[in-house]
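Two complexes, one shared chain (chain A), two partners (chain B, chain C).
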Partner chain A sequence: MATRSLTWFDRLDKQNRYRMSLLAGAAVQVLILLVVASQVFDLRVVEDYRTTVGNLETIHLRRELIGDPILLALVVVGMALPFTSSKLRREPVLLVALQITIAGLVFFVVWPLGQVFVEGFKAAQGAAGFSLLQFEKLLESPMVARASINTLLIGSTSATLATMIGTVVAYTLTLSDIPWKRLLRVLVVLPLVSPPFAVSHAFIMLFGRRGLITYDLLRITGWSIYGADGIVLVQLISDIPLVVLILMAVFSSINRDLEDAAGDLGGRPLHVLRTVTFPLVTPAILSAWLLSFISSIADFGNPMLIGGGFQVLATQAYIQLIELFDLQLGAALAMILLVPALVAFILQHWITSRRSYISVTGGARTGFIRVLPTGLKVPLFGMTFVLAAFTILVYGSIFVGALVRVWGFDFTPSTENLVGLVTAIPQLRNSLIVSIGSGVVGGIIGLIMASLVARERFPGRGILDFSGTLMYAIPGTVVGIGYIIAFNAAPYFWTGTFFIIIIAYAYRRLPVGLRTAVAAQKQLDPSLEEASLDLGASRIRTFTQITFPLLSRAFFAGVIYIFIRSMTDLSSAVFLNAGRTQLYTVRMFRVMVTGNPSEAAAFAALLVVIILISLGLLSRITGKSFVDLFRV
Partner chain B sequence: MEPAEQFSTASITLEQLSKDFGGLLAVRDVNLHVEAGTLVCLLGPSGCGKTTTLRMIAGFETPSQGRVRIGEEDITEVPPYARPTALVFQSYALFPHMNVFENIAYGLKARRTPKAETERRVGEVIGLMELTGNEKKSPPQLSGGQQQRVALARALVIRPKVLLFDEPLSNLDAQLRVRMRSEIRDVQRRLGITSVYVTHDQEEAFSIADVVAIMNQGRLVQLGTPRELYRQPADRFVAEFVGLSNVVPVELVETRQDGTVVKVFGQTVRSRRPPRDPAGSLAMVLRPEALQIARAEQVGVPARVRTLSYIGPIARYRVVVEADGTELIVDHSNPGPDEFYPEGTPVWVKLPAEVPSLLSQPG
Partner chain C sequence: MNRRWLFPALVVLGAVVLGACAAPTPIVQTVEVERVVTQQVELLVTPTPIGGELTLYACLFDPDKLAVLFETFRQLHGVDVTCLDMSSGEALERIRAESENPQGDVLFGTTNLSHVNLAADGLLEPYQGAGWNLLPDGAIKDPDANWTGFYYGVIGFACSPERLEELGAACPTSWDDLLDPIYAGEIVIASPAASGTSYTVLSGLVQLLGSEDAAFEWYHQFDANVAQYTESGSAPGRLAAQGEFAVGIAFAHDIQVQQDNGLPVEISFPSEGTAFEIGGISIIRGARNLAAAQAWVDYVFTPAFQRYHNDVAHRIPVVPGVDLAEGTFGLEDVKLIEGYDPTEWAAQRDALVARWQEEIGSGR
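After this line comes the complex of A and B, so read on.
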């Protein structure tokens, strides 16, 4: 402190300094509230009454304040909460950071999700008050019942199959001595980042009515990929990698001593697998099931493309709201969809927050390769190989499909579909603006939240962490509908703007940014920040000079993760974009539904290339191998 | 209960045991016989092959060459679960999803022991290891020492012929380590069970073992009682690994019937045992406590104090011999109030008249 040049602030005496701090603090509070209020409220000129004198009608206007006082109240309460901690009151910078974080979460997570419930419980569209009328109508509607049952059926079937196959494949890829393990790992995990509905399109090209394999090669008629089987099959392609990633991490960190001890005490290999290995990974298996269940019920693009009339909640909500303009029914369906997603997420959170059996302790040996008997090795290898082959088949058909004239009818090689992509430049530009924007915004919010959650102790820290991760569980459809209800009308009129899409994506993918930053924070020795504070640097200086430079890799990694997820999103996009802000995936989706399969394949191919380039960049930044990139 | 009767213990024999990890010779040609009922320590720096040797006895590593016998039986090809051995792991390897009782009962259940007998035997060993009252606790709820006892109980309950320890105390703090090692020693003596104990801590090895086998770079360098190893180290490595020592080159004066006379720093010193290889150059191990330091009596080797440190009852000096600059460590036990010599003090170091053995240095 002594060597630092004195500022005017330092020259003040103690009491004046205290007064100045209070004043500055109060000013910041007022400023934040003003910003929020200016968004929440709007003065509008409305018609008051009319008078008619003779044949001259006069319209009397008045100014009216419209807006959401409840939202403002929630934000004020949220901003007041940090004041309850005496520690935070002494740390103005932390306090304000926390306040802004809370205000953002209230505004863009709690409020829109709450609106889904409010709308779902209204007696009629536009009516005020609470009513179960709509709900009774829903329960009696056979469409709603069918969509709900279908959603749960598809979700649990996909999750169960994906977990079973994924667990075996993860074991094979980590602990067995099969050949080509590195290559197989990449191929198995890759579909995780491909735009999910691109897999549907590839399956239609291969196994559809004019599919290369079903129609041209096998001449199968009377069978169709469209329907529930198709949805499950396609979801498996992206759900299995999810399970594989979770379980590969767990299998490779099992303490080898535990299995050795069991063997040493007389347990035969199968007995050890049953009594030690399997129980150790059970929490992870349950967790993987729940996560693939969440991703499966939230899926919108695949059921839309390959469902062939098999309706799930996500697709019904879209049809009711966008095609039939029934906002209220759409909201109600979104609300029903939200329930199993939230239940699964809370269960998953509970399982993983309990004591983990997989812990890295000193002297533990992990990742030991088991030499398997051939009778076991061959089927395991075969299963993994088939899965990897599917990845090649899917990507191969997309790229080859893009290079022929009309897949299924005219297989002449042609570049016309690639050239045709120039018409999609505006949409591509929109998608890039939105994805880069949401990446940066989400990355910054994630970083700030991570430094609060991972470093500081304050009341409500757990809740903050939970609400930061909550959006992971919310299906994109629900986010889209929530944002429409919350921000489509006065005073916002935000739907169709880049702003709202960027914010929606940033908060939807916040869990990714948050997890990446928290993981990096935890690896950072806290004494570095403490040393900086101890040497007299302020909180802000410490963050900009020490914390951020050390976390910048994690920050950019978070940005790219969010970018990739935003580029491939469809389920929120269909609700939030408008003509001027139409996104690439939405255009691609329309082409897939109505257009030439090869044209659609060209769209998908370009997206895949963009994702692969982003992954390459990510790999350079983080220095991680390709497979490790997906571990978030 | 008289536990010793229930144990049928056996000797262990390692014959020309080698382990080659893809070109890395972790263990080379180890021959070792462990008498039934004794405790042998494998002692050596990390990477010396001691743990690999132990894991070959347990069956987790297959020897590249050589045989492992327990009693008369050759178990080289027997899988770990069918061997009469029980290993206490460095990490304890307690199953985190089972409580204390289930952990200890694991080996009995794997052998399909009847329920009543399982409960009786687990109860016995819980009593023996003073774990009563902790049966329902899960491992992380126990203290380090208790976890160690559970690991030992889990190994003992299957009544192995041979008990193996892989650095079992390295995760405990210093005080607990001393207490646990005497507990382990007591249990091993009471049950009279043949044991192999791996450690890199010389003090631990010496306090617990009947016989210590010193390993270096995959080889068994010397086998002997702690006293033999300390007094008559086979080579410089053993001399320096086992306790503090000054190894100084000596000149051969004459070889007589009753010993060898050598010259060091101008003084003659006798060794009763002839050097193993009289042809090579000779060296002598001078233990710090065998040297005496004095200022008044001007006998011995003139030297100058470099550093002085107090280690409880002894004053430890580093002195530099005036003649050739050799540095020696000298321990002065129970020094009187006037007997501290600060840095720079000229002193005299008195050599012993006789040392237990001489080292022959290769080359």
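After this line comes the complex of A and C, so read on.
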């Protein structure tokens, strides 16, 4: 066994060691604060006024200190909080890790979101004081009232339909004896890999007024996919898989003994279903409804493409901010959008954190297959089959569309649209830089937070855990607007830089990284780390040599998950990218709005291929099957 | 006092004191910089080596297709040009945000509305270049030389021959035709609240019909035929070209891009007169490479540039005597609305759009 030579630190006596670590701790504190302060404040030379005498122009300059003292104060308070625990004060490494995590959350989550609220209550750009002007404007504008109602209406319709269909399909795919179950499972879940608005494009190609099926095959006239129906339809394609995944997990873990006992006690099958099976899955169904509600109201790309002028809050906020450059009104709209999302998320959190009805005990007989009567089996199979057929149609049309000259008019095979993708290389490169960057950064933050949340007991652990997962509920539009407000003025000027897009995605997708890492941490036997600590290894050494190697798979899995989510994001990207950092999805979106359908299909096809490759990689790393990959 | 609260309390106190001290109080210090203001007027672009880099904002067209122009410019002046693709709103927002530390040199393209707004905020560097001196006074250039117009765009109707055949209708050739119930649910136009293109139509109609009330009366009837108000100004052209709808109202140059895409779409113009836009160019105040920016503004008005721009983007040149590319429309091919001045109308946007939202948009 290799031995390490004693360092100077090991040779110190106990008293001095304590002093040294105290000193080091203080130095780290000062360093963190200096880093934050140097970002938050800036001394810059600005032009004051110009005077012209004859042909001599004098520019008067002045130095100005600009910055966000409130942000600095928040960071300092956040960093001071861990000191209140005497346990943490004895553990300098843990303390510093926690402080950095808190500082990051304050800087990149709390601050930008807080700015949305501050800006929404301003009368105008740079105006001081509190004002309800924006909300008065909103109340006066009938478009906004309509957009709010539309958003809630679309959200609840999509969520309800997705939950109903998804629950039945999940039941069919887990507990019934229909054929081709394995294949159907993959097909039903597959739409999760594509950027949602690609589904819109495929639907227009297939079912539009000039669509392949509606026009060329069925010759339907007077039909229109554009509008609320179209939005709900395409949202179902991406929301149903979400519901199916959640409920498949629940259905396959139902303990058969409970149902058998009810049956033995004389319950009729329907009675058993109503009184035993249904209560077992109710929390999961509610939770699935809330999650698809959140994803539906946050949706930006689909309403933009297939809405046909049907306004929702996400599109209104985009128009106010990007097209009409009214930052305050955009912020006020973002705020309205944030409220239902947060309410839904807190409800969902509350439901899932209550005691679960599903007792996974050793030896329980779970996931058994019920032999269903044909009268029931045929409609169930039919429904699942139709859903799977939609997947094939959507992806089929994207790939076929990419390989013909002009979809709808000239179906001769051609590679010109694929060759045309060459012009998108800069955007593709930008997207890869951003997505890999945010994957790695998000993975590291997730790992650090997970090791704090899953392993250590300290005051405020629950809050930390909650704030880590909170970002899941925040619509991308709100994140984008928050970052623009917080970091697009002196002293930052960060919008449009890779740095800020990477940070935004890393924090936005933190719940994914966090959940992956927490799950892996929980499977790790704590005695391994305890043994290392007891043998005298420091916390850092234990983490780098014991914990991290055991968690590296989970880490890379988290990186790839965040990578995929970042590659397909549009709603934050439209706000954060600019000029040199234009992202692939934004270019793709523009092509869908102005280009020919095949050109757009080629863009979507390339993105789908990239994501399938990363999923293949993920499957190799984790050893999970395709369907299980999505269970995060 | 409990000891465990002592340290955090101290830190918080420190933070408050620090925060109070660091509140943004300006430290005024005057630094005098001498600069000679030149009033030099260049009429011809002479190849002078300038060097360095030049960043153009709001690239008005696909940067790939402009690569030839950038290469020629590099050979003339030794300047590397980067063109950053962004919407006009995005460009405006960036220029405003970066006003203390400009990252772009030239606002290249977008309608004069953006330039007028920026000039009002004092964010543009006036330049009386070759183009400014060449063009006549009027809507086409800013009297204070903050910006200069360098192309025209005219509103046209995009028609899908296939759809029209099914309807048994012809391509509309006047604003009045658009009110024909035969087009019910078959017309697409952008929402004036979201798109400058559609605002051009709305303000043009007010000018044409003589009053706001008359224009809105027309619009109410027109609204019955409109299938959807899109967010993007060029989307109606695409929708008609793809045969999704029979008629799309958009800029003729955007409709011609759809023809280039290989889609069967016809263009017609309203006989009563059509509205138009002026696309401008301006130098951003504090441009890092002012000499190159001025050279680029001059370059944009050379016949070669104007012709090439017309060829790839189909926009109408402002420089007289430039041959039009085959199949493109010039100002003489269409009838313009008499007395229509896009620059003048730019100032009335908010009020007009608000009325549109209330009367038309809210009915949707």
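Quick notes on this structure:
Rule of thumb we're sticking to: the second predicted complex is superposed on the first by the 612 of 632 C-alpha atoms of A that agree within 3 Å, B and C clash if a C-alpha of one lies under 4 Å from a C-alpha of the other, contacts with A are read in each partner's own complex, and residues count from 1 in each chain.
Please note the rule applied: contacts are C-beta pairs under 8 Å (C-beta built on N, C-alpha and C of every residue); 3 or more make two chains touch, one makes a residue touch a chain.
Being a predicted model, the structure only gives us computed values, none of them experimental.
After superposition on chain A, the partners chain B and chain C are seen to fit next to each other with no clash. Touch criterion met: A:P69 reaches chain C, while chain B stays clear of it. When both complexes are overlaid on chain A, the residue A:V53 reaches neither chain B nor chain C.
By the touch criterion defined above, A:G208 lies against chain C but remains apart from chain B after alignment on the C-alpha atoms of chain A.
Once the two complexes are laid over each other on the shared chain, residue contacts for A:V276 go to chain B alone; chain C is not touched.
Contacts of A:G309 after superposition on the shared chain: chain C is touched, whereas chain B is not. Taking chain B and chain C in turn and counting the residues of chain A each one touches, the greater count comes from C. When both complexes are overlaid on chain A, the residue A:V371 reaches neither chain B nor chain C. Between chain B and chain C in the chain A overlay, the least Cα distance found is 37 Å. No residue of chain A contacts both chain B in one complex and chain C in the other.
Touching chain A in their complex are the following residues of chain B: 58-60, 79-83, 85-87, 89-91, 93, 95-97, 106-107, 109-111, 140, 154-155, 158, 167, 170-171. Of all residues in chain C, those touching chain A in their complex are 4-5, 7-8, 11-12, 14-16, 18-20, 22-39, 57, 62, 64, 82, 84-87, 89-90, 92-94, 96-98, 100-101, 166, 185, 191, 193-195, 227-232, 234-235, 237-238, 241-245, 254, 257-258, 261-264, 286, 357-358, 361-362, 364. Within the complex formed with chain B, the residues of chain A that make contact are 255, 257-258, 260-269, 271-272, 275-276, 279-280, 355, 357, 359, 361-364. Per the touch definition, chain A reaches chain C in the complex via residues 41, 43-48, 52, 55-67, 69-70, 72-73, 76-77, 79-81, 83-86, 89, 141-143, 146, 204, 208-210, 215, 221-222, 224, 226-227, 304, 308-311, 315, 319, 321-325, 327, 405-406, 408-410, 423, 488-490, 493, 495-496, 578-580, 582, 593-597, 599.
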